[in-house]
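Before anything else, here is the set of structures, which you'll find just below.
Across the two complexes that follow, subunit A remains constant while its partner is subunit B and subsequently subunit C.
This part shows the complex of A and B:
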């Protein structure tokens, strides 16, 4: 006798499944659980990394350790959002630094633009904070930690009209709304068939954590615009700073091969020496530490000390040097039926204005606002009716920001004489036009 | 079943695309957002605030169509149950199958029935009336809107929410001319001019209708709105579409 067994679909059901427990994904879950309108929704977040294990007790374990190399600058707008959702109080504040001034200068002409924390109620331009510090604060807010499932997403497909995620531990989860907070290569975006526009800058960002010769207590962020890309020198507490040096991929490779002392010398050179000198230094053998230090030191000794520039670097934290390719990407849509994208899954930007994480926070705020509205209107949270207000809020703003970032970047990545002169003039005029700078900073907020 | 045959044929044709937010019923989807906002604000925070533990309300949705409003209300935490009725079998079939997309909608039921045939409809054996009766965009499709309104009011113990197209030039321009012909958003024939009802007419129906003999009904809030292409629904302070208590 034949017996037929019905195949039962045994997926776990969730109202919202977030793929990716980075800053964007964890903010989303925390914000949803913090809102009276959306708190009843059944939410989970999956991440392939052991984030709970790594970050659950980060605050207690990391009071005195070295700063991590993935440090980001959060704008006052992001800080007030994190305050609103109850996460900011869980940040380890001793490991953050709010800066109230930003100095940008031109590597060719020396022209400067200085941003103060004009108008801003908080008196800061932005706050430097480790990526992990943001994530651990979110994990430890409300019951965010309990929503985390550690597993890699292997496959996403549609079952009975709902996106269904297959995890590498065999579990299947079906969601009314699937959120891609899964970074630049976003499997969720690929599942939804959403294409992206953009290009690679053919530049890499080299990051490192640096100890300074002394604490200058200045709380200033610096960016030197070089033809190879901007060199950003961003303050951390206790005479420490973090580096994001955007440069040609081969130069990034070269920098990564240096011994720590040679790397230290090259950062000091990158902040103070002319492009011609830098070009020469990059032609040296990266393994010849003594020669590099010698060639940098005598050159630096010919310069008068300029205390408007960042304090010199004494040493770098070993193993903190890393690099990543820089690109500009904007997804063509942030939503499709039962799918929404936030954070790097939706867009990637040059780190020039430190917007990567902040744009993600704005996405999350806009998506949560859309979902609150949807709940109050009794809509199906995965439907286009529910999701449509989200891109209406977030897309254009991000597009503007990506556009601004990109044109600033292009303006500075040339050493063509007339353009250098023009942009020097531009910066000098801009420096006097408080209004325009206000606008730029507001937009960066 | 009493329903206008032309109207029924018309809505039967619209049934398939009812739930497509980018299809011919696009304006109705947008309008649904606005009326949910209107209902929420009329009921007020004492009922709608998710932190309050108020007793839940029962709803009768007359002329529910594909169920846009019925589903929305059924999902709100302050709603106990929704009964949707409609005279067109095709749209009711759509409502019933769309309901299955969300398994949590167990408190929502549909019934094939005309508004003219409400007598026997009861919330339960003990309770003949509903806390809320809604009748959105239905009056203008009826042969005897006055009688329908009277019946609707007789089924409500607290609130009646309704909207209809106003027979004014503004409404004519926005829904008939722009809506049907210029923009081709809803297929021609969805609205017929002579059936449009004027705001004052509606108000006098409500206040002077037989059910209001003891003057228990009052028009609580009137809200007008117009659909502007490219902008969406815009509110103004009288006329056009409105709701009553």
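This part shows the complex of A and C:
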């Protein structure tokens, strides 16, 4: 019987097949290979991009190049998880920056809240790191690199009760457990018939890498809560910072059309000027660089110098400007028979608290714990019984975070005066309550 | 810390004290320009001046004004030149109005208690343009005309002091004037004030040579009935003895210059 099946069906057999070689997928493989209980499992990662080629020697090739625009914030909790699975030591540390202060201020009233991790349990708020840096560190840990198969997924279907992935190079892989780490439009999720809830924010996040006028001695992450969406100004080493400016899609489009000097002026305007100024600037012709710079310079000169705000931007790295739509999504289930979803495939959130990657890391930690338990009890790793502890640990926590992010976003996306007054009062009180703030930093971890 | 020449920074107690005392005093004697001006400054912070500044920042002309910060005085406005302009121009209408009302543009007090320099300019500009609002509406500086202009300004700019003046002053006037205000001028003021574009975003100095009616049309203002003529007609009728009335032909808010 077995021989007959082999004759008609020539799929490669894997214990676990991960679709998607992003930080979540690679962390999962690395973590599984690092655990004594799951090390023996036959694991593979499929990704359409040549990640091994691109990232295999990233550390050696990228000592001095410009920072990428995809930079993520990694909380101390995620760092210790990456340390535990052995990947953190492979990170190019010169290209990361751990910041210990965070300042968030109201774009309307200017009310501030300052988080200082110095006296919280963790010591840092988070670490800024390029997406590629995390990926390459994971690839170069253990034998993760050897598990990567570069191919597009053509079709996912069920053969003999097992999920089987057909790749564009003709190979078919059948797995006892198929893990979707394949992003927001997850094909694995669609295969499993799992629906999602949520909505689009009708905002786009504009990212860019920026050179500052001088290197700040403080390591602070800044976020200005504008009515159009938060503008995040996040520190990188060597007088560099990364921008995540969420705004209306048409404004994002407008920003992307700007010349680099005009974009630089607009970022300085976004950090310091009034919303009325920004509204006016956005009404100008994006190609009229001189007028934009003239208007911004005039307005900036009317302001008193405030060194508690981020250092001014001197220039931006050409071609580093990009944008992406912002969404809130939560999959109705994280698991189904022989399928599990992690990372963006399971949920998407507004980036304002920098939790995107960290939620994915927590998913991975929870899924690995579930699989370790299953292996130690001799369960079939693809069965619902084995997977059940994963959503039990991760789902509600993620739901809470999505809700908090969403509420924060909504609280600040208005300039209605009574609401501005109330949130200002709330923030002023909160800013005085050090122990509550420490708790918040620890909770976000 | 002084943020512009003439700025008087206040602490919260001083602010509250000045708010209450200038409010009461200005209500009792609305002819004291200094009290009215102070009360106007006390009530336009922290919210209303900021809102007006935002309105100016969102408009190209408003931005030009904030950038250049022009002042209106008899020196910056060449009154003799304005007299030489054709009679249908804004400049000529303005100077005609000045002559008829016997006032001068030099009577505006400087702003002192607004903290933000831009916001201070916004209030200063409002004050200095006040005569242009009179001229564009053709309303006299008698209390009745003043109330109508104040209501017009309140509907257009939302400065609280103008609104307070417009609702508190009519009741000090005789019945006949009250009736005229409530029937004709206040409805005109509210309707036109809301309909017109923000008058702070008009560079009056650059519009002086334009046809006044054309400008009114562009701003969305229609002329009310001539108040002086109506008063004159009414004055021809036999009079009853009226007690306790503010002398109607004096500027209640601002002192005359000569």
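Note that in this section the second predicted complex is superposed on the first by the 430 of 445 C-alpha atoms of A that agree within 3 Å, B and C clash if a C-alpha of one lies under 4 Å from a C-alpha of the other, contacts with A are read in each partner's own complex, and residues count from 1 in each chain.
FYI, a residue touches a chain if its C-beta (ideal position, glycine included) is under 8 Å from a C-beta of that chain, and two chains touch if they have at least 3 such contacts.
Fair warning: this is a prediction, and the values are worked out from it, not measured in the lab.
Asks: Determine, for the superposed arrangement built on subunit A, whether subunit B and subunit C clash or fit.
Replies: fit
Asks: For A:385, using the defined touch cut-off, is the partner it touches subunit B, subunit C, both, or neither? Pick first, second, both or neither.
Replies: first
Asks: More residues of subunit A are touched by which chain, subunit B or subunit C?
Replies: Looking at subunit B versus subunit C, the one contacting more residues of subunit A is B.
Asks: Where does A:123 make contact in the superposed view: on subunit B (first), on subunit C (second), on both, or on neither?
Replies: Once the two structures are laid over each other on A, A:123 reaches no partner at all.
Asks: Can A:161 be said to touch subunit B (first), subunit C (second), both, or neither?
Replies: A:161 contacts subunit B only, not subunit C.
Asks: By the touch definition at the top of the document, which applies to A:110: first (subunit B), second (subunit C), both, or neither?
Replies: Once the two structures are laid over each other on A, A:110 reaches no partner at all.
Asks: So, does A:376 touch the first partner subunit B, the second partner subunit C, both, or neither?
Replies: The first partner, subunit B, only.
Asks: So after superposition, what is the minimum Cα distance from subunit B to subunit C, given in Å?
Replies: 55
Asks: Please identify the positions on subunit A that touch both subunit B and subunit C, taking each partner from its own complex.
Replies: No residue sits in both footprints.
Asks: Give the list of subunit C residues in touch with subunit A in this complex.
Replies: Result: residues 47, 53-55, 57-60, 63, 67, 117-118 of subunit C touch subunit A.
Asks: In their shared complex, at which residues does subunit B touch subunit A?
Replies: 21-22, 29, 32-33, 36-37, 40, 48-51, 71-77, 101-102
Asks: Which positions of subunit A touch subunit C when the two form their complex?
Replies: 274-277, 279-280, 295, 298, 302, 417
Asks: In the complex formed with subunit B, which residues of subunit A make contact?
Replies: 36-37, 39-40, 161, 176, 373, 375-380, 383-385, 388
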